[in-house]
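Once you scroll down, you'll see the structures, which are given as C-alpha cells.
After this come two complexes, each holding chain A, first together with chain B and then together with chain C.
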Partner chain A sequence: MSIGYVGSGKSITAADIPALYEGAKFYSPAVGDASKASLVSWLMDLLERNGPVVLVRPDALPPQVHCVSLCVIGSGAALADLPPSGDEFVLAVRELEHVMHRRFGAVYPLAAATISALVPLAAASQLDVPLLDADGMGRTFALIHHTSMSLAGLSPAPLVVRGPTGETVTIEVRASARADTLLRSNVDTLGGWAALASYPCTAGDLRRAALPSTVSRLINVGRLLLEPVGADVLVTRLAAVTGCQRIGRGRIVELEHLSRPSDVTIPAHPSSVVIDEIGGQGRLFRLELRSEIVAVFADGALAAAAPDLVCLVDILRGELATLDSLEPGDVVDVLVMPADAIWYSAEGLAMVGPTSHGIPLDHPRRR
Partner chain B sequence: MRNRPSTASLDLAELLRVEPLARAEAVHLADPSRRVHQVVLAETFERLGHIVPHSVVVLHAEAAAGGWSLAAALHAAWERNASVVVVPRAAMSSSSAVLAERLGIALLVIDDDPVDVALTLAGQISAPQCARAVRVALCAERLAEQSSIRGVLGVLNTELGHVPVALTIGGSVVAGRAAAVRERADHEQVRVQVHGAGERPWAELVASVPTPAADLGGHVGTLLRLARLPLLAAWAQARMDTSTQVAQERAAFEMLRRLGSEPATDRAVPVQYDGAESTSWSSELGWRVEGVNRAVWIAPIQDPGSEPPPELTQLLRATWQRHLPDWPIVADDDGWISWQNSADADSGTAMRRGITTMTPTARTHALVLGVGGAHAGIPGLMRSVVEARLAAYVAREGGAGSVTWFDQVGAQAALAWLPVGKIAQVADFCLADLMAARDRSSLVETVLTVLDCGGSLSQASARLGVHRNTVLSRVARAKELGLVFDDPSRRLALHVVCYALGALWRTPGAERSQ
Partner chain C sequence: MVANRADVPVHVGMSLGPDRSQAVVVRHRTVLGSVSVPGSDPSELLSGIRPADRAQARSVTIDISRLLLAAVLQASGGLSPVAMIRVRPRAATDLALGRHPAEVIERLVTRRFTIPGGHDLFGRELGPLDRQALQAVCREIERDGTRCIAVVAAGSQAQPRHEREVADRLQAVLPDARISVAYDFGGLGLAPREATVALNSALSDIAEDILDACESAVRRWTPGMPLHVGRGDGGWVTASRMRTLPVLGLGAADALELLGAAALTGVDDCRVLLDRPSGRVVGDVRHLLVAVRPYALHGLGTELVVPTAALTGADGVQNASDPMAWRSGDVPLVEADRDPDELICIGAAVSRPTAWLDEIAFIESTDELEGIRRDAQARATAIVTANGANPGTADIVEMSTVAMPYSPSGTVRVRVRVAGALDIRSRPGS
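Moving on to the complex of A and B:
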C-alpha cells in the first residue's frame, strides 16, 4: 500500500477499502467501530470479485448522464442489530429508475463520511457504473437537505428508501425540508435504518452543485491514519492534508449529559465535554455534543462551531477518539477542520451553523 | 462624622445583605466591594453583547439554558466588565463554577424567578439609600437580639465584613477586632462615642474603613450609632445581676492575682494580650490591666475580723457605678479593691480626683481609703493592691473618710497588721485592775505617750498639753494598777497593749462597748 498524498485516484480497489473506511470515520468521528470488520470484508470481497470501481469527477462525465446519491439513513445501532443484506442500495436505485423512467449512469455519496461513504462504492460495483469523486456535504450533516445540491436549488425528491426488511417507500415532495420529516417516520417503520437514493440529477448539475474530490480525500486521510505514528506527527500530517488546526490539548474533566433541553429538529441528545487545557493558556474548553461536536468554547468564547468539523485525537493511543468512548481523565487534542467554503455563506450557516444547533452566537469564522 | 452619601452606588457586598440576593448562593465572589451601577435582564445573547461595565447580569430564558450558554454568558460578562452574573439554579454546572473562578467574575445562583430578582435589584440599584435603609433595619433587628457586648460586636463585624470594628475603653480594646484601632495608611477610622449614665463617656466604637470604600464611612457610622443602645443595655444587664457579677469579679481577680504571681512573668513587662480579642474574663467586665495601675483599698474603719456585709458591697458598688463607672470594684477579704488604669506612668492627679469624689461616701459609710503606688501590668497591680491595703489600715487612725497614700506610710505600715481588738482583749485579763479603773483611758493615753517619747515626762506633757506633775501622777497611778513599764522585758508588750487600747478607744463609741 502506498503511503502519503496521491491526489485524486482514478479507481478504487479492494486494497483501498481499509483506508477509505478510516477516512470515512475521520470525517464523522461520532461513530464507533461496531460493524467495521463485516463491512470492510464485504466490500473487499465485492471489489475483488467485480474488479476496481472507476472513480470520476463530475466534469469528466458527459453533462447529460443521470446520477443519483446514495446514503444510509437512520441509526447506527439499528444498522448493527439488523445488518444489510447487501442489495438494499442497488434496489433503491432500481426503484428510483423505475419511478423516473430513466437509467442512472453514475452514483455518488450524499455525504462522504461514515458508512454512507462506503455504500455508494458497493452500489457502483454492483450496478457496474462509475462512482463520482464528489458529494453533497463534504462531511455529515444531520438532515438530508443540508447539502450543497440543496443550496444550488436541486431537490432531493423524488427519493426512495429501502429498508432491511425488503420494503420500499417512495417520497415525492416539493419542499426540501419536508422530505426529511416525511423520511424519518418511515425509516423507523422500516427497521431503524434504510438505504436512501435521492437527489436524482445530471452530471452537468453536479459540476456546479456538488463538492468535488471528497471521496479520494477520504482515502488519503485514511492512509495517514493507518500509519502507526505518534499523535504529534499524526496531527501535523492531518493538518497538511485537511487544513485542520489544533485548538489545544487537555484533559477531559467532566462529561455533562442533557445539559440543555433537546432540540426537536436535530435527532440527538445534547451533552457537553469539559476539557482542562494542559499548557498554553490553561483554558477551559467546553465541547457541545449533538450527534457530533457542534461547538467548542474556550473560556466561554466560541472558538469553533459547526459546520467546522471538530474531532478529538487520543494522545496516548495516537488515534481518533470517538465520542462514545470519551471518559474523564483522557488526554486529547482538539482538532478543528474547516468545512467546504460554501457552508460559511449566510445561507450555509443558516442551514448548518451554530444557530441550527440552538447556539445563537456568531460563527467565529464570520466575526 | 461625615455625612452619609446616600446616593453613592451600592457595592456587591451590600446587595448580598438584602433580599433577594441574600438568599442567593455565591458560587464565586471575586471582589465584594465591586460597584454595581445597573441591572441587565439578559434573555438573549444579543442582549449580553450590550452590557455596560459594573452591571448585574441576570440570565433568563435562552441565555440561562445551561451548559454552554452559561459559559458563553460568563465570557460575555467578563469581556464587558460586568460586576456579577446571576443565574437560575437549573442552568448551573460545576464546570461553570471553575470558569467563573478562572475569569474572576462573580457568579451567584438563585432559586427565585430571574425576572422578579432583576426587577427587585433594579429598584435597589436605582435607589441605593432604600437598599441601605433595609440593610440597616435588618442589622438593627439583629443588634436588638444581642444580650452581650461580644454578641453586639459580633453582629457589627459580620455585617461590615471587611471593615473591622472594636469597642475600646480608654484606648484599649475590650471587645471586637483589634485591627480596627490599628492606624493604617489606606484606612480611615470611624469613631462613635458610647455614653454611659449621666452622659459620661464610657467607651468608644472604632471601625477601620478601607479608603477605596471610604464613602461607606457614613453607613458604618450609622451602624455603630445603632449599636450604642444594645451595647449599653448589655452592659447594664451584666451589671444588674450583681450577685453573679460579684462572684465573677472575685473569680476574675483571683485569676489576675494568679497571673500576677506567675514566677515566669517578667514584672517589668505588662501582660500582652493576643491581638485578635481580649481575654473574655477581663474584657467583659471592662477591666483594663495593661499599662500602669494604681490600686485603692477601701476598708471599714473598724477591723470587722471577717468579710464586710454584702449590703455594704452593694452600696459601695452603686456609688462606684454612679461616680467612677470605669473603675472596677471587687470585694476581697475584709475590704474592697478598686484601681485606676492609665496607659503610661501617672502623677496621681487622676487618682486624687477619684479619691475626692469618693471621700463623702467613705465618711458616710465609715470607711477609710488606702492608695497604693503606681506599677506596670498585672504584677504591678497586685503589688499596688498590697500597698493600698497597708495604707488603708494605717488610715484607720485618721477616722472615717481618711485617705492614706502608701508612699507616706513607711515602716508605720507594720503596725497596720496588729490585731488591735485581740490585744485589747488580752489587756482585760492581764491588766484587770487598770481596765476596771474609770480613768483608764487617760491613764493608757499618758503611758503610751511617755513610752512614745522614750520616757521623757517633759516631752510627754508637751504632747498631751498637761502639766508635767499631772503626767507624773498618772504614771504613778498606772503603775499601781499594773502598768509597770520600768521592767525592760515587759516594756514592748505594755507599749503594744497601750497602742492597741489607744487605737481601739480612739474610734467614736468604741470605749463605751468595752
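Moving on to the complex of A and C:
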C-alpha cells in the first residue's frame, strides 16, 4: 500500500473507508473498535452501491447553498451495541428540512473525528449531496457548542436528534450552551446515542466559520495507521504528517476515578491514568481524562492540555490505545499534537482550555 | 525445604489437529515425554504415553481449537446452520446493517429475525418485547427445523430479561433446540457479540463430538483422570463447560503456544516471538498468563467478545538481543524456536483455569466503585470455580475500570480476569 500524501481529495470511495476510519480514530482516540465492523461494512456497501461521494471545500460551493452538520451524539459504546438501523441520519436531516422549509445541498461533520466523521459520509451518499471537507472542531470536544461555528457566532439550533428507537426530538433554543443540556437527557432516553443534525447555515457562512480540509487529512493519517510497522516507525511517520510529538514512553501503573470534582454537564466523569516512564528521565506522567485526555502532567508540571490532542500508542501492538480499553501494565507512547490555531485564541481557550476542565493553569503553549 | 521430585505434579498437555496431534508430559516446565500421531484420535495419542508417565499424571488438558477453527473456515466444515435472532427496537432499514459484516458468520446464518424490544447499556427498557413477533418467529423456526439458534438482545449484558424470555419461549416450543444467548459472554458491540453467539451455536454439535471422543479416551486411559479443555485466553475450563460454550475454545492454540514458550524459558513475564506463515508475530506473557484482549483473534475473519491472545506483527523486532525490543517492552524477549505443536501442548500442561468479565457499570462515588469492583471480583471468582478451579484457589490477575468516553458521567467499563491455581489438582481417587 502506498503512503504518499494525497492532497485535498475530490471524492471518497469505498476503498478509502478503512483509512478514513483509522484516521478518524486518531483524531479522537477515545472509543475502541466495538462498532468498527458494522460501520465500515455499512459505509463500504453504501459507496459501492451509490458510487463515490463528492468531497468539496466550502469555498467551492455557491455561498447560498444550505448546509447542515451531522454527528453521533452520545455514547460510542451505546452505538456499538445498538448500531444504526440505517435511516437515522437521513431522517434527522429531512426533519430539519421540514422544520426550516429548506433543502440542504451539502452535509458536513460537526467533528471530523471518531464515528462522527463517518456518519456524514453515509448521509451524503444516501442523500446524494456533497460532503464538505471541513468541520467545526478539528478533533472532538464534549459539548456541541464547542465549535468554530459558535466562535464565529453561528447557532447550533434549530436541531434535530433521531434515535435508534425511531423517535425524533426537535429543539429550538436561543442560547447555544443550553442546546447541549437539553439534548443529553433526550439522548439517554433514545438509547444512549442519536443522530444529530445541527448548525444549519450556508456554504458562505462556513467559508469563514468552519475548519478546512479536516476530512481529507483523515484518509492520509489513516493510511499511515494501516501500515503494519512497529511503534517507533509509526510515531515518526505520524510526527511528519500531523506535527505530533512524543512526550514519553511508559507503563500504565494506575487508573483512578472521580479524581477531580465532577461537573455532570460534561459526559464521562473525571478520571486519571498514571504512567511510569521507561528510560528517558524516569518521570511520572499523570493524564487527566474527561472523554478525551485533557491534560498531561510530567512530574507535576503541566506538559500539555486541551485543546492539544493527546493520544496513546500501544507499543506491543503498534496501534492506538483507546481510552475505553486501557489496562495497568500496558506500555504506551504519549503523543501530543497541536489543535487548530483558533483554539489557542483567548476565546478558544476559555471554551475548551484547561480551565474549562477545572485545571486553573495557563496553557503550556501560552506561557 | 526442597520438594521431593515425586511430589511435583505431572500434567499432560495435548493438542488435536486435523492432520496431526501431539501430547507432552510435563513436570514443572520440564518435558518428560512427547508423542505425535497422524490424525486427531485422542485414544491413539494417549496410548503412546509411557506407562511411568501415565502413573504420575494428575490431569489432561486438551487444546481442540485447531479442529474447531478448521471446521469454521472450511465451507463444508460440517457446522450446524444457525437461526439468528436480534432483539432491538427496530429492524435494520439497510441491507448491510441487517446482516453480519463477516462472511464467515453469514455463511453459518441461514435465517435471520428481528424481534422488537431490548434495553440500553444500563438495563433500561427501550421498548416492550413484542410477544406476537416472538410467537411468529417460533412458528417459523419450528416449521423450517433449524436446531441451532443464537439470540442477541440490545443491552442484555445489563438486563437479560428479553433475551431470556426469547430463549425460554423457543426452548418450550423446540425442546431439542441448542440455544446460545449473548448474555453468557458479556462484552460490547453488536457485531462481535453476534459473531460470538452465532459461532457458539454453530460449534455446539461438532464440539460435542470432539469432547465425547476426548472424555471417552481419557476415561479409558486412566479412570477418574480430570480432563480440561484449553480456552482462547490460555486458560482452561472443564469439558462439560466447553460443551455449552465451545466458542471459548477458539484461539487456544495461539495462547497456549505463547504460554508454552514462556514456561520453557523459566520467566513469568516476557514477550514471545512466534513464527507464522504470514510473518512473525509477538505476544506478551505476564505472571505466566497470556496477555489477552477481546476482538483480538486472528485468522477467523471476524471479531469476538471473548478474550484471546493479543498478537501483533513483529516488524521492527529483530531478535532476542535487540535492545529496542527490550526498551519498548521492558521485559525479556523470547524466541519460540521449538515445534509449535509441542509448545501448545506444554502451554496446555501448565495452564490454569480462568474466567473473564467485561461489563458496564454506573458509579456515583469512589465507595460505590469499590463495591462494583468487589462484586465483579466475586462473580468472576464464582465463574472460574464453575469453570473447574478448586474453590479458594482463585486469584484476581487483572482488573481494570475505565471511564467510558462520551457516556453519562459515572459510566465505567469493568474488566476482571481471574485464574485458579495450577497445581492444586486432585490425583484420581484422592
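Just so we're on the same page, the second predicted complex is superposed on the first by the 365 of 367 C-alpha atoms of A that agree within 3 Å, B and C clash if a C-alpha of one lies under 4 Å from a C-alpha of the other, contacts with A are read in each partner's own complex, and residues count from 1 in each chain.
One rule holds in what follows: a residue touches a chain if its C-beta (ideal position, glycine included) is under 8 Å from a C-beta of that chain, and two chains touch if they have at least 3 such contacts.
Keep in mind that this is a model prediction, so the values were computed, not measured.
J.: State whether chain B and chain C clash or fit side by side on chain A once the two structures are superposed.
T.: In the superposition, chain B and chain C stay clear of each other.
J.: Of chain B and chain C, which one touches more residues of chain A?
T.: The larger set of chain A residues in touch belongs to C.
J.: Which angle, to the nearest 10 degrees, do you get at the Cα centre of chain A between the Cα centres of chain B and chain C?
T.: The angle comes out at 70 degrees.
J.: Which holds for A:62: it touches chain B only (first), chain C only (second), both, or neither?
T.: neither
J.: Between chain B (first) and chain C (second), which, if any, makes contact with A:232: first, second, both or neither?
T.: second
J.: Could you say whether A:274 touches chain B, chain C, both of them, or neither, answering first, second, both or neither?
T.: In the superposition, A:274 contacts chain B only.
J.: Between chain B and chain C, what minimal C-alpha to C-alpha distance in angstrom results from the superposition?
T.: 11
J.: Where on chain A do the contacts with chain B and the contacts with chain C coincide?
T.: Residues 270, which sit in both footprints.
J.: In the complex formed with chain A, which residues of chain C make contact?
T.: Chain C reaches chain A through residues 88-97, 101-102, 118, 120-121, 126-127, 154-155, 157, 187-193, 271, 282-284, 286, 291, 293, 295, 302-303, 310, 312-313, 315-317, 324, 327-330, 360, 363, 365-366, 369, 398, 400-413, 415.
J.: Which residues of chain A touch chain B in the complex?
T.: 253-254, 256, 259-261, 270, 272, 274, 282, 284, 286, 288, 295, 297, 299-302, 358-361
J.: Could you please specify the touching residues of chain B with respect to chain A in the complex?
T.: The touching residues are 44-46, 62, 65-69, 71-76, 78, 93-95, 98-99, 102-103.
J.: Quick one: which bits of chain A touch chain C in the complex? Just the residue numbers, please.
T.: Listed in rising order, the residues of chain A that touch chain C are 30-35, 37-38, 40-42, 45-46, 74-78, 80-87, 142, 164-166, 184, 188, 191-192, 228-233, 249, 251, 255, 257-258, 262, 264, 266-271, 278-279, 289, 291-292, 315-319, 323-329, 331.
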